[in-house]
Amino acid sequence: MKQIKPVLLLLFIALFALAACGSPAEEPTAVPEPTEEPTEAPVEEPTEAPVEEPTAEPEEEATAVPEPTAEPTEEPTPELRTENLEGETIIFYHFGDLSGPYAAITSPLIHGMEDAVAELNANGGIRGATVEIQFADDGGSVDEAVAIYDRFTSEDDNPLIMFTYGSGEAEALTSRFAEDEIPSLTSGLSAVAFYGEGSGYTFGLGSIYPDQFGAFLDYAVANWDEIKPDSAGDEIKLAYLSWSGAFGQGALTDETRAYAEELGVEIVIEELYDLAPTADTTTALLNAQAAGANVIWTNTLAFGPAALMNGIGALGLQGEFVLAGDNWAMDLATYAFVSDPALTVGMYAPLSYLWWNDVDHPGVQQAEAMFAANERSMTEHGVGYLVLAAAVDVAAQAIENAIDEVGFDALTGVDVQYALTNMGPYEGLQGVLSLDFSDGSRSPHSGQIRQIQGGPDAFNVVQDFTDTPDLRPAK
Amino acid sequence: MIFPLTPTLLSSFSPLALSSSSLPMLKINNIEVIYSDVILVLRGISLSVEQGQVVSLLGANGAGKSTTLKAISGLLLREDGAVTRGNIEFDGQRLDRMAPEEVTRLGIVQVLEGRRLFQHLTTEENLLTGALIRSDRAGIKQSLEQVYEYFPALPALRNKTAGYLSGGEQQMVAIGRALMAKPRLMLLDEPSLGLAPLLVRDIFDIIHRINKESGVSIMVVEQNANVALRAADYAYVMENGRIVLDGTAAQLADNADIKEFYLGLTAVGERKSYRNVKHYKRRKRWLG
Amino acid sequence: MNWQLLPQFAITGFLNGGPIALIALGIVLIFKSSEIFNFSQGQMLLIGTLSTWWFWAEEGLGLPLWAAIILGLTVSAILGLLIERLTLRPMTGQPLLSIILMTLALSQFLQGMAILTFGTTQRNFPAIFEVTSPYKISLPFFTYNNNPMMLILKQNLVWSFGVAMLCVILLWAFFQYTRTGLSMRATAEDHETAQSVGIRINHIFGISWALAGIIGTVGGILIATASGLDLSLPIVVLAAFPAVLLGGLESIPGAVIGSLLIGLTQGLVALPNNDFILGAEAAQVIRSSSEIIPYIILLIVLVIRPDGLFGQKRIERI
Amino acid sequence: MAIMRPSGDFDRSYKQDMTVIRQRWQYILLIMTLLALYTLPMYASEATVSLINRIGIAIIAVQGLNILTGYTGQISLGQAAFMTVGGYTSTLLMTRMGLNFFAALPIAALTAGLIGLLFGLPSLRVKGFYLVMATLSAQFIIPWVTRTLWQDTLNGAQGLIVPVPVINLPVIANQCFLSTTFNAETAQCAYRFATPSQFIYITLTVLIFTTIITHNISRSRLGRAFISVRDNDLAAELLGINPFAYKLRAFFLASVYAGIAGALLASNLRHINSATVGLNDSVLLLGMLIVGGLGTSVGPIFGAALVTLLEEIAVVLTPLVITVAPDLAGGATAALRPLIFGLALMLFLIFEPRGMAYRWNLIKAGWRLRPFAK
């Protein structure tokens, strides 16, 4: 067809234009090689930071081969601005799901962050700089999360930190965070986001789900005689009843399967149920019973564990199973969906942070005061509020450390990432959330086992902080 | 508006006193009908129906008879047609642009071409749908008995699904359903269509009887001029969207052209062959 | 196979079909009268159920439950009327695609309205039926390993089914014995003829939408009492769509039986266990297919018998 | 649709009649537009580029739907499902077989086309509303398959991480040219389409191809056969057109487009799972088609652009709504998007069911007939 030819010609002209003048963005030469030890990455990165400076001419026609060796080109800034940053602004970017499946836990997360940031600003912000929050709703969709990410990074060519919590979003964005050198704190704890290919800038606000699962298995094996249901034998037979999806299946990896086998725990059945409050768990529970299961693990939250509890209650199966779940499963949001609060009693979960009923703890007291001062509704008195309040503290501390290192004006995400990995064991919000990323991992490796012993304020410790097994993915 | 139920009417189909000085109850004044804003179907139709009369509307296929009926009953609106000129009056009330269900509620009930029963409803339910615009329980029951009396074949079929009735039975139910509304004017669209000649005769006998006994005015659209003229008081002949001839049934039955054209008879009363009729048609146009 | 669970899962699934039947009925009602397939049924019942919650809850009006339910049903009836009048009546005579898209657009719009009005927080719906202590029935004649087979039935499930079937019977009586019911059945058959006997079909369309809103909301309330109330409630209609087609688009008994069959099948696919003949993995795949099994049935129905089990074949006779 | 042309523009042969671009100024306009688009990353912000990028991908999917729904009259609620097929296929080809993105793209499109053909088979037996339900079932069955079957390969519900498309160029004189960087592993210079302003070149180029193809389909025998099937399949059959064969062709083509769009989307997001695109997206795509104008070649472009922009407006409006009614802080963000889309679609259906393309033609005609037209 003759009339196509000119168009094709044009196309090639355009392709040429693409090559010649396109791509003002820097090439991600600074990305740590995936094979590299994560700990090494930050060491060489700050040295390359100046390449990123907006002053650098991005229009490079050619790059020398091989890759420019990482020379210590860091120009020592004459006077570092590390104090009195009044008038400056630091933005915390926050992705969340207000309209999708995780909407049930979202508002406490947002409010926890808002209140903590308000308090931080009232106490002088970060060295005087005001912290602002930019929140965007992604509806739980990766598509939307990427669009939001593009918007955020376009409005700000030097974002310092981002917060996410959907497992799917965290996984999808993780390579972008690393390429664009933006550290992120996430509470969606599926392992791929932290240790998968191209990761390095994603840090967890809790142990990854495989570690949590392993920690619970450790506890169950050690204490089986005490915790086992009356009808159960000596063997732990586990049913994995959960949602489909990155979060729901997050605890069931090759590593955890192998670990369970090692401990002599048999996973007798895996069942899925709907990611909806209307999910019916009757068949899942009866199948678990028929398969001889005596322990149930669920990697769900809010209405997820509630659906199991309701099912157990409605079918009269109380006392047949030990019910356990991830840290999100043990939350107030569950109470909104459970038909009888008594059904929650007995559930176990490994938590790597404190809970509201640790009233003697100064950090919890601080959170409680904040909660009361902002007149938050008691329905938000849950994990989201507490963890995000502590996370703000962690982020602020990391940024302060980074400012000390390079000064405010030269501050980039690379420096914040470096600060996060090097801040050693850190007690967020006076110890509500203890993190330590210095050992090469990007998620904490310790936790308590807690059990619901009657009411939302009785998430009691049955085993104090111990190290969790390290079940991060091999690759 | 619901037709006011006077005590005389409540006594169901009792013969109304027919006043000879009858004013036309339905008057069509010079209407023009256009479909889909472009297709001119009727031009300058005028006709009237008087109280208690049976009026026939004759004409070949596509002459515009059914359209005229639909213009009265309002069903034209459903087919993207509109009365663009002239008006239709029923007891002084304008009907053009009135929704079909409202026309029915004024007392004009149309028996649609091809019976059109509610096929999955039973015979009796079909009849009862005719009375949905009435609210007098006793009167409805009485009307139902009256219908069964007119059509003695129907009581046995009362619980049978209407779709499975024979064509003649369906026609009876359709007329019965119209009667259930206790209409003042009944519009019948080709009641003879697809029925055996004997059945056609029966149907027209009953139409005649209904008219005489209950005083309902009736307007029948027919291709079969033979039977139509027998039952009618007055008749109009349509061709190409116009009225070309009108007169009392007797006058028209005597008209030579009618005999030749519709009744298919020669002057001496012999049947003509199809070829001759065709030839005649080409030669002679009503509006030459 | 878990043969000992066969009666259990069959009956549970069957009873689960009860509330679905109500939702399916709403869809059939509208389709019968106006040939519009209402993709926004789920959002209609969401708003109805949320209103019921609001009338009952302390944050709302704090009315007694029965009053809240009556008011909630009224809201859904009014919503149905409004939808018909404002969005679908202007569409009369438009092609199928436009009408399908209109109800899809409505579903989006209503979802947005529901979020805007009620927010995103989850709600605890009052439990109408006893939550714990299920009915335990030991089956006569059936034994497994010489033990009598036991049926464990959630009270909620049994009563929801009962209420749903009561609604179905009421609806049937309404159609059979009332004048409005007769008008609706007549309108469903043939709009033109219905108009010619004086039925105001626009009113009938309005009534069908209102009725669909009401019975859908009853279904929504039944589901919400069992498992809480959340913005994701509308997804229950995804099981009702295939049920409607299985039963036959225009058939009221079809919608009920279709829903029960869909429920039954969803129950039965949960049966295969680790000693399933094709292996444990295949068993797991089959178990996880309960969400799509309605759509597989749908495809089969479409290929074998598009009119559904009870669909009306037009009676053709002259 | 009446063809309105500037005065003096006549056809003297069939070839002229088939010409797409008839005048020099149209050439100039086309070249300017393309240049403006290709140089977009130089002057537009990353967010704008990202937006255009998303619009471009949506246009491709809607163009496919337009062939099926607009030209052939078969309504489909499954377009997003076939995007999923395309996305997964290209990802697997890249990660498992080591294919380059540009080699994987056509294979992914073809695979999606074949799967689409499969779900088009019920069109042999049913039409209208029943067909809608058949395509709806694709929307449930395909995502279920991707998260349940072949878990070792497809990684279940978690889905797959998708590699960034790369072009490898040889090293010349120990230098990498054209903004590429050296990749030690392959010993070649690599251009990575990572950021929106890099990825947009892929989207634009593919979009130009699909636009040319769609436009040529619509004016060929194939397109006319599609239209005849839509308008009256019985009459089409009498004209010697086998309606079933053409319906299946339309299903195939629509799914090929969906496959392309899906592969692009997956690479753009760098992640795909069964929930990446879903029923809502199928509805969104149909909505775009209606808003833009069914059965026109500019319709998908207008529709995808307007609907995507409306979504952006929802994002912009949110803070405003929150200031007006702070109680809605939680709800507003979530509510506005479906609300605005639903409302816009409803208004179009009631007041301009022929879509923006029709308006556009009126404006064009008005412009050409100036000063005679009002």
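Worth pointing out:
All chains are identified by letter, namely A, B, C and D, in their written order; residue positions are counted from 1 within each chain.
In the analysis below, a residue touches a chain if its C-beta (ideal position, glycine included) is under 8 Å from a C-beta of that chain, and two chains touch if they have at least 3 such contacts.
Owing to the predicted nature of the structure, the values given are computational and were not obtained by experimental measurement.
Among the other chains, B has the CA centre that is most remote from the centre of subunit C. Among the chain pairings, A-D comes first (most C-beta pairs in contact).
Subunit A and subunit C have Cα centroids separated by 38 Å.
Centre-to-centre, using mean CA coordinates, subunit C is 34 Å away from subunit D. A separation of 45 Å divides the Cα centre of subunit B from that of subunit C. Annotation: 34 Å between the Cα-based centres of subunit A and subunit D.
Touching two or more other chains at once are residues 330-331, 334-335, 337 of subunit D. Residue positions of subunit B with contacts to 2 or more other chains are absent.
Along subunit A, residues 98-99, 103, 106-107, 244 each make contact with two or more other chains.
Screening every pair of chains for touch gives A-C, A-D, B-C, C-D. In the complex of the two chains, the subunit A residues touching subunit C come out as 98-99, 101, 103-104, 106-107, 244, 268-272, 274-280, 282-284, 286-287, 290-291, 302-303, 306-307, 310, 313-316, 318, 333, 336-337, 339-340, 343, 379.
Across the complex, subunit A meets subunit D through its residues 1, 3-4, 6-7, 10-11, 14-15, 17-25, 27-29, 60-67, 98-99, 103, 106-107, 110, 136-137, 139, 141-143, 146-147, 150-151, 153-155, 168, 171-172, 175-176, 179, 190, 192, 196-198, 244-246, 248-250.
Residues 19-21, 27, 30-31, 34-35, 38-39, 41-42, 45-51, 54, 147, 156-159, 161, 164, 171, 174-182, 184, 189, 191-192, 194-198, 201, 204-205, 208, 212, 216, 265, 268-271, 273-277, 315, 318, 329-331, 333-335, 337 of subunit D are the ones touching subunit A in the complex.
Residues of subunit C touching subunit A in their complex: 2, 4-5, 8-9, 12, 16, 115, 120-124, 127, 131-134, 136, 152, 154-157, 223, 226-233, 235-236, 267, 270, 273-274, 284, 287-288, 290-291.
Contact residues of subunit C toward subunit B in the complex are 93, 179, 182-183, 185-186, 189-201, 312, 314-315, 317-318.
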